[in-house]
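The chains carry the letters A, B, C and D, assigned in the order they are written, with residues numbered from 1 in each.
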Amino acid sequence: MSTPLSGMLLSHFLMTGAILFGLGLIGFVTRRNLIIMFLCTELMFQGVVISLVSLSLHHGNFEGQTFVIFVLTIAAAEAALALGLVVLLYRGRKTLDGTAWALLRG
Amino acid sequence: MDVSMVKWIPWISLLSAAICGVLCFRRAWGVWAAPVTITAIAASFVVAMLAAPSGLLRDDDGRIADALGKSPHDIGQTVKAIDWINLNERDALMDDGSPPATLEEARGLADQHQSARIIESGEAGYSVRVPGLSANFSYYIDPLTLLMLFVVCGIGSLVAIYGAGYMKGDKGYARFFAAVSIFIFAMTSMVMGDNLVLLFLGWEMVGLASYLLIGYYFKKPSAAAAARKAFIVNRIGDLGFALGIFLTYMRYDTVVISEVLAMATSPEHVADWRDYWIPFLLMLGALGKSAQIPLYVWLPDAMEGPTPVSALIHAATMVTSGVYMIARLHPLFENSPYALPTVATIGGVTAFFAATIATSQFDLKKIYAYSTVSQLGYMFLGVGMGVRYAIFGGLFHLLTHAFFKALLFLTSGNVMHGTHGQLDIRKLSGLRHLMPFTCWLMLAGCLSLAAFPLTAGFFSKDAILVGVFEQGLAETDPNRWYVVLGVLGLVTAFLTPFYAFRAWFRVFMGPEKYEMGTEAHGDEEEHAHPSGADSHLIDEDHHAHDDKPHEASWLMLAPLFVLALGALFVGIIGYKPVKELVEGSTAVISTGKESLISADLNLTLIIQIASGIIATLGILTAAYFHWLNRQAGQNLADRLAGPIRVLENKYWVDEIYDLAIVKPLRLLGWIFQLVDTLLVGGLVKLFGWLPRLLGQLARPSQSGVLHGYGLSMLAGVALLVLLILLAAR
Amino acid sequence: MDSARSRPVGVSESTLAGQQIDLWKVAKRCGHAYLLPSSGTGCWEDVFAAIITLNDPLRCDPRIMDSAVLYALYVATVVGAIALILIMPGAFSTAIRRIGGLLGAATLGGLWLWLGRFLPELGTDQAPFLYYYLFSGIAIIAAVRVISHTKPVYAALWFVMVILSSAGLLLILQAEFMAFALVIIYGGAILVTYMFVIMLAAQAGDASHAEDAPEYDRVAREPVLAVLVGFLMMALLLTAIHEPAPEVPAARGPSDMAIKVAMLTDRPEERAIQRLPPEQRELVRQTFGQRGMAEAFGPVIAQIADRELQTRELEEFQAAIGAWVEAQPWRDVKPRPSTQQLPLLVDRLLLETIDQQVSSIAGRALTEEDRRLLQQTLANQRVLGNVERVGFDLFNAHPLGLELAGVILLVALIGAVIMARQRVTAADEPEQPAIDEEVSA
Amino acid sequence: MTLMGEKLATIGPEMVLSVGALLCLFLGLARSARVRHATPLIAGVSLVLCIVGPMAWSAARPAAPGEIALVLGLAATPMAAFLKITIASIGLLLLLVSYRTPDQLPQNIEIERSGAAFDPGQTTRGEFFAFFLMSLAGAMLCAGADGLVWLFLALELTSLPTYIMLVTTRQSTLAREATVKYFFLGALAVAMFLYGFTLIYGATGVTQLYTTPVTEGLATVQSVVAEWRQEGQPLPLMLLVGMGLAILGISFKIAAVPMHLYTADVYQGATTPMTAFLAFVPKTAGFASLVLLLGTLGWPLPEPIAAMLWIMAVLTMTVGNVLGLMQTSVKRALAYSSIAHSGYMLVGLLAGSAAMEAGQPVVASGIAGILFYLVAYGVANLASFGVLGCLKRQGEEAETYQDISGLHHRHPWLAAIMLISLLSLIGLPPLVGFLGKIYLFAPAFFTGEPAMIWLVVIALINSAISAVYYLRIAAAIYFGQPSEEVERDEQTARMTGSGIAATAAVVLGLGAGALGLTDMLAKAADQPGKVLIQPADTDGDEAASEDRSNIPSATAGRN
């Protein structure tokens, strides 16, 4: 394994990662559809993945890339759970609106 | 037995409390609570009496060594049971890992560490203590501890035996003994504790046990109110005590009593403002716990508890913890010029004041309650002297008082038991034939309380008075104020036999006449009669003489004989050993003005004769007015209606408190409403409402909407990350 | 030893000027030491100074350039935030949303052009990184569409676009395995599930206004506040990552060569290569015995020796390495290495042999600089592919982690089944009061 | 003893729990009702094995220095050992408290009552206990984690099962709402700390925190940071922000401000035994992770991180307590109290091991404070929620002040347990909460820094505020009018669990020292991530491993 990523280019990739992460955050708190909300967390995970791989290249080791494998696995697990939950919720209230769940408060 | 065995003493009682707790689950198991508790307390007593003396410092001739000028590390032994709070404090070591051998080395080492201090640790040389906070369950055994253990465990086991009979058939039998066990645990922890935190813990826990037992009949509103009153009044004192401990820690960087005392008595010690205030704060705690003016109001009300409790906690042991504390920390009190005189004055005044109230009460237990307050005043008077003999007197009185006052309470419990709760001395008369044992036992107690010559109370009270006069008439440094206090003590010595025998003559002498009380069994209102042939002796007794006062069971009488023997003879037997104990304890390590070391024989003789006469006079007066010629007593009372009404109403102190604290807010409401609202109410409200206001501000964040939470979290995270960036660059 | 790690701290300001291209290499090696945003000067001054210095390449101070990039990013963030507010669904009409889209595209384009100015500094060997602008542009635009599209199905499809372009980015980063895994796992597995659930929900309800998305899809919640907070967060993250990651030499793992030697020789009982079966011995010989080592090390040795090398010398070098590998008494290596340690140990011992050989060829003792060159060469020996290397690291460093990931997947699987089978009917769910309006009011 | 056996012994507890979980999973689907009912027993047995196993192991083979106990990414630290025993013990009590939770689900009651034919699709007994054990295993793994990857996986393993348990143990719209909030915000938090981990990796180039499987050569986060700090370099922004994000993300698990908002809603929506679970397990995992993460920076913490934690601590305790004052639901009040207690523990995190000196024989570090407080809070919290779980109002869970009013007159033992736990939560001596607070605040106080002393003062004021609502609960129990509608749920196991917890609160408060807990703590808190037992195959290399800081420089020299 070879050419480490230069500081300049590294920050380019990290920048993309950060932007994806930030857009995911914004989507999470603005979109009311539960499915889209969770899609937005996946967007954040994308930001993390890109950052991890570029840092892995920069540091010349592979820990970042192996980390990505686990991130993907957990993303899949969380997605499975989230979708199961969404199905459950949808059956009861026939809506995917996240703001509809606000009985508990105060 | 090795001295380290004493570390088991509190835990035996705790174990017993746990067992009694388990026994509470089943009514049928409850009967086992009494044997468990009695065994535990008796075992504590045996362990204490066998193990503790081996830890005391002795002279060459085997006597307990005189403590004057010795280090607290020498005259007592510290026995560590378990680690509890142990923060940061440690001994600094030399570079080679050894403790410093000489003072120079220790000084050098102390310079290397911030606010380190040098401790002389007996034969081990010096150690340099780097401050922290160390408060373990470790016990300091010196003669004073031994004395207190004798009182607590000895009287405790007798009262527990009595209680086994007295509480028989009560619904909360096991609950009662669980509380008693907890009390013994707390009390022994307190008197043995080698640090102020443990002392305070025990102090609070005896309070807790006391409230539990005062409010034992929690369904009775008066009992609940009394428990609440005791709680509130004691909080005032304990706040002061806690502050005092904190200030002591600030001053000496440690809470270990022996180290504090060592530092306070060291010749290099220079008192500063903290030393002036520490004893006053500590004293506040003692005033609350030992029911002295102005915090005494809770004790008479505390008689709502079961009578054995009154005897054990509110007469013999717990209320004396204030005296114990002052004796234990005596050198701290000596460091402040006005502390001891204050203690003595409060004691003397309380003694007189409470005695006057006691002369006009009609409730047997109330009389003895005020008598307790009064006798505690004597003890304060004693330990409030800078004289050894008076301190000895105070502590000796603590011991004798424990005997005779417990005896008096328990015999009055017998009366209560036999008359279904009737305690009004106007409604009882001539019970000597119905309750012969109780009658003569109580007489023994009364004689001792009256300081009739050669009884126990006589010796201890005289010791106090001799000490007081000695201090007051001292050749080198006479202090006339103490003479006044001494005279006050003599006057009280007249009142004491009067009220004691007033009650006794009323109840047991004269024509046989009685009104039975309304309570089913003693002061137990929800007593359930066990049915069936196997029911106990008392109950058979009870059924047989349902309409007549009856003598108590042998289980209840047996411990009383022991107490009576003590009340009569402990003064003669105990005088020398107790004097030896007190003179070997930390209470007197710095108290030893040469001329005052032991009592002046002439003075002692004069005072003894005088007080003997006074006591006899008091008894005779009581006999005349309340036995031989009750009509004369009535006439006199009518003539003195005004003053007696004052006394009957206890100087209206409760009412004055009510008037001074509650009424102004109500009565002067219109006028002072504004000031009150702004100053008192405003402050209270501010502290009450500030958190609520904050809460109201924070509450909208809990809107319940998922997205709102997400956004708030995100905003919070963004702000904190911004903070990191700003702080980093 | 310490001198080896010394950084060119003493380079003064004056040496900086005029050497900007070399400086990038210096900066690269010494981490964040030079790449701090200059403090003390106002931000606009910096931006102008950067523009001025850019016009004069000889006076281009990397520090000023760096902070200029940062401020450009801030500007882009602010404009982007405005654009995104316009784009978010529900707040504005379609026309305004389009304008917002244009504004956003312009911001992105402007930022790209601005960043592109620095590309020439990087040298030709990093030319593939040009594709970065393409892929990341697509990714960002697609991500904006994910969070702004009113129809969930389209949002999910845009998300596929994000994944494909990220996979492209990973390819640029030489992470082929990750790129393909991403496409397969995300694009293939996860997104299909999403689509399935979205379609399920869309099919079951909302038949009455099928032409229009439901209200909760059409209207975003608190878009302005959310975008502002989100972009603040983004700006903070950009600031944090902008300072290049310091290089940590010790973080670099064993060289591929060492891994290969270790893998070939590591057997629990018999570690000696001599005891390997004949075909494996042959493999070792092929790996080290043929021309590979000589080709890789030739130019470096020539540089160190400062002369042309003869073929004989290279062959001797080759033979020496081969002999070393074969002769190494692996069993007796102290401390007894474990599976994980072996590559590093091999690295060290191999380097010692190479050092000896090279110094005998060069005829002088090697400097630290020479050693670093040799180590770099050894590390760069491309014997392992990306997949092999990831596989090695994965199973070497995280064998239990893989098991744990499996357990987590199992939990998720069973959990999803249990959740989905819970009996809930619409009757169980009371109608919700309209809290949202009340709160936002 | 083989090398592999040693390695597996390190994760023995987790493996036992996983096997137990799988057994529960399968047996929960058994046709025989009796077998299905045995699942909690299996869970209990595996938890007991977790406690007894390691002790037996170490008794059989006293660990000598120079032996391996390091499993790829997981380290056998004393802290991990302490936390594992704690988690297993309190887990056992939690199991008692939630022993009958699956039975109370409507569908299970229906099956029992109707004697309906067995339908594997409808029963949820086995899964509950399986997830229960899995979550505990996750928390244990957090305690022993030694890498960012491992930490991430362990945190996920802790929390994923809780989401499922939350929604399946109560058939109510409240539980579903609680789940959706918990899960979605949890996912947000995961993304956040994951990004933080990425930045930490970016700054240091490694994901291992303290030790590497490759002991020679590779750096760790700790060694890299230590080198920077030794040389007096400013820490890179990337590291600081990464740490910040990681802390904030993980603070979701411990319910600290600003990630606390879900807490009250979720605790209220969950069924009461589940609430007790949520208040302990994720919190323990979170604090273990935070200690491990911050340990890499070393105490005193770098200023920015310390400033952030300071603000978080103040806000967390204040918000928790003032909102606790406002509640009409006991369950919500206790939820806010849970937030406040996290705030107290953050004080310990800030103090860290700053007060430790070499050879110090006593417990004096904030880490020890946190570890002890986890136990203290664990038992008190469990007792109070357990008592609450024992009460029912017309078949619904009791949760308002009215529901517990006059409890003393109807169920004096439940009232006593509740009282003890409340007093312990206030921190009155001699209960364990008092000792916990001393251990937490004293190290902060002894650092002598004004900021820390102020923090302690604020914490004490907060304790006083909190006493108001705790005592209000106690007053309702003891002086309120008993409500006839409230009845005791016949749950011997649940009451036993809370009773044991309350007893533990007393016993530990008095005898933490006597039981050797303080010694264990002193050892456990010595240095996070410090592996006392070194790998066997580096014999002769112990000196190098003792001073880990010169390892990276040794290799760096060769670069």
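Here is the rule we use: contacts are C-beta pairs under 8 Å (C-beta built on N, C-alpha and C of every residue); 3 or more make two chains touch, one makes a residue touch a chain.
Please read these numbers as outputs of a predicted model, since none were measured by experiment.
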| item | value |
| --- | --- |
| Longest centre-to-centre distance from subunit D, chain (CA-based) | B |
| By number of C-beta contact pairs, the top two chains | A-C |
| Averaged-CA centre spacing for the pair subunit D and subunit B, given as whole angstrom | 43 |
| Centroid distance [mean C-alpha coordinates] between subunit B and subunit A, Å | 67 |
| Whole-Å separation of chain centres (CA-atom averages), subunit A against subunit C | 16 |
| Cα-centroid distance, subunit C relative to subunit D, in whole angstrom | 34 |
| Subunit C, residues touching no fewer than two other chains | 221-222, 226, 229-230, 233, 236-237, 239-241, 245, 247-248, 251-253, 397-398, 401, 405, 408, 411-412, 415, 418-419, 422, 424, 428-430, 435-436 |
| Shared-contact residues (touching 2 or more other chains) in subunit B | 699, 702-707, 710-711, 714-715, 717, 721, 725, 729 |
| Residues of subunit A touching at least two other chains | 14, 17, 21, 24-25, 28-30, 32, 51, 55, 58-59, 61, 63, 66, 70, 74, 77-78, 81, 85, 88, 92, 98-99, 101-106 |
| Arrangement of touching chains [line / ring / star / complete / other] | complete |
| Subunit B to subunit A touching residues, read off their complex | 699, 702-707, 710-711, 714 |
| Subunit B residues touching subunit C - in the complex, by the definition given at the top | 700, 703-705, 707-708, 711, 714-715, 717-718, 721-722, 725, 729 |
| Complex interface listing, subunit C residues touching subunit A | 24, 27-28, 35, 69, 73, 84, 88, 115, 118, 121-122, 125-126, 129, 132, 136, 139-140, 143-144, 146-147, 152, 155-156, 159, 162-163, 166, 169-170, 173-175, 177-178, 181-182, 185-186, 189-190, 193-194, 197-198, 200-201, 204-205, 214, 216-217, 219-223, 226-227, 229-231, 233-234, 237-238, 241-242, 244-245, 247-248, 251-253, 256, 379-380, 382, 384, 386, 389-390, 392-394, 397-398, 401, 405, 408-409, 411-413, 415-420, 422, 424-426, 428-430, 432, 435-436 |
| Interface residues, subunit D side, partner subunit C - complex | 11, 18, 25, 71-74, 107, 121-122, 124, 127, 130-131, 134, 141, 149-150, 153-154, 156-157, 160-161, 163-164, 167-168, 171, 173, 176, 195, 199, 202-206, 213-219, 223-224, 236-238, 240-242, 535, 537-541, 551-559 |
| Residues of subunit C touching subunit B in the complex | 39, 221-222, 225-226, 229-230, 232-233, 236-237, 239-240, 435-436, 439 |
